[in-house]
């Protein structure tokens, strides 16, 4: 909860600086003294992991940009130059490419944590919306970045996605030509995609600042979903959560570096080791795994414009989730019916991911339509309805007393306690 | 190209069109069979182990196979002669690699602008077998022999696939009509490939005396190409082992640190 | 809150110091690739030699070749130029060092330490003041003259007048034959 600052400058220099630019005070208030609920579990470490990943992607990206050439003639060769000639180029490239997958793995866990514990509910609606915006920017950044190696999948993935824009009535074709800078994905497209791919991560960083600011106004949610009542419920962020986040990042790194050093091509597609050829379409055009669920939604609908609308709609729906959920209880720990539907939603999302990797025909197409329907059903019907009719489990009094005290009269079921 | 006037950019049409064609063709009698390729024969590759390395002798033999068999049609444009002398590779010394390079010529302009031939250096690659794509296609019945620098990465199960392909040529089964100039290979999509079988018994004479059977040559050239696709592989795994050990120890230390910090709260 | 016994403090501090140190060591190893990637890549290092055919160069003539992106003067000196270069005393020189990459140990800037064969002077054509390319056969000593700020070099490429602090460096080179040298 954003209360008053507790920072006391010690040295002469600190006092001098504090009256001119209170940056140490700001760091102390935000990252050290900040009162954080003491019951956060490891699902809460993914915010720190995501910040680490953003920094990693920016640093590796800037370094790669020192060697990459955004020309259709030279892009593929420049990536091979990085892999073969540049000192540790292979390492930096693999950290960046696998980092994208790890970034999305972490963001999906972070999002599902929010869905489970009701972190999107009042008063954290803006926090949630900013998070959705970061997710959208991440998707755009990843799409742009995947084009840059100018392999077959780079080129054809870009072709498929930019072709979607022509579905927009009236202005679609004009927008498509404008995006391309020509009559198809070609040099002008590659050049601007490189520029935008370099730009967007810094936009993400800015929105992350707002995201953390919006978090610090009400303070963190917690696994019980109940409000902090006082200092007895919190601990300072440092050293409690700096040490916990540090440990979590180390474990995350074990997985991440496991891929980088021992399975660096695991998430990749063989077709992207073939230079882009506008005359030859790969047998199966697929995006990277983290975009597969949305790809599946796109292809599940036979009409082009409706498919595009459904795909973007699936993401847009996330933004309004705070107003779709009618429950007065935040955490799924106390929502036995919602819990079941939460896991069904997880199954639907993973299924959609698998569907996205398959050609849209036969059983795979049927399953993707069912799973896509379930995705929309979950947000538009299940979430509003369950909140209205579910009887939540009794909430604890406070974080410091997680077990119901003897004071509660047996069998008493009042309206859910005020949050 | 993607057809804008159809749903999903024509992908569904192309795929269902392919299925339709396949059904019709299979029913009518396979003339242009859209046959699915046989799954590649699984091999054991030393370099696919988590801490595996390249078999140095196989790399050298495989290089000989590339040089004497494949390089007449397939370029290797991302591999320089200097890389042959790098650590983790076939293990040529720098003078050996230099001599190898000097065995090939390249043209540079002289003082009057006329082309003159000079020997290739460590910084150069193998000469491209054809000056451009058109010449390559003209010499190969319209087909383009692809560059091999990344071939093991450019195909699913690349090493097994290439091994199966180059050693798996067969006579066409009864009832299959081959198009002119094509050869039957069950591992290639469509089962008809423009490349004639490149390997036959004793096609090369190995410097180390190893019998040059077709499976042996296939195994060796795949090993060489797998190195060519990622010359840094051995360095990657070596550093990787150290990094994983460090990270596991770091996790343990940071876990104890976290427990220590949280002791009073728990 | 548990009391902090002195034993506890040292044990706790040790763990924190050990963890912090372990992180710092890891960070240093992790930082190195990001720094080293800016050093010349393998293909740049491989291109670091230039061959020069001396056959077409006449006595008194100087040509300019490119080596590692920089101009290098290959000058076939006349007997007069050689004599002038050899008769200079070290005390007259602004930079008494040989500035010769071919010599293993430090040596003075006598002409013998500036060439392999006296007839051929090979120096990097980058003025040691601020990097301009000097003009050959110009200046009081008939060596080079740099028009940017007036540095004057002699027929051994040594700085004699002007703001440049050092002699034109002699790059590493060797004679592959009487008519061919390899620079780098």
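Each chain carries a letter (A, B and C) given by its place in the written order, and its residues are counted from 1.
The rule is short, and it goes like this: contacts are C-beta pairs under 8 Å (C-beta built on N, C-alpha and C of every residue); 3 or more make two chains touch, one makes a residue touch a chain.
Quantities reported herein were computed from a predicted structural model and do not represent experimental measurements.
If you sketch which chains touch which, every chain touches every other chain without exception. Annotation: A-B is the more contact-rich of the chain pairs A-C and A-B, by number of C-beta pairs in contact.
Chain B and chain C have Cα centroids lying 42 Å from one another. Put simply, the C-alpha centre of chain A and that of chain C have 51 angstrom between them.
Distance from the chain A centre to the chain B centre is 36 Å, each centre being the mean of its Cα atoms.
Multi-chain contact residues of chain B, defined as those touching 2 or more other chains: 83, 250, 254, 257. Multi-chain contact residues of chain C, defined as those touching 2 or more other chains: 23, 42-43.
Touching two or more other chains at once are residues 84, 91, 246 of chain A. Remark: chain A residues 38, 77, 80, 83-84, 90-91, 94, 159-160, 163-164, 166, 184, 235, 239-240, 243-244, 246-247, 250-251, 253-254, 257-258, 260-262, 264-265, 270-271, 273-274, 278, 281, 283, 285, 298-299, 302-304, 307, 359-361 touch chain B in the complex.
If you check the complex, the residues on chain A that touch chain C are 59, 63, 66-67, 81, 84-89, 91-92, 246. Residues of chain C that touch chain A in their complex: 23, 33-34, 36-39, 41-44.
Of all the residues in chain B, the ones that touch chain C in their complex are 80, 82-83, 86, 111, 121-123, 246, 249-250, 253-254, 256-257, 260, 263-264.
Residue ranges of chain B in contact with chain A, taken from their complex: 1-2, 4, 6-9, 11-12, 14-16, 19, 50, 78, 83, 146, 149-150, 153-156, 158, 189, 229-232, 235-237, 239-241, 243-244, 247-248, 250-251, 254-255, 257-258, 261-262, 265.
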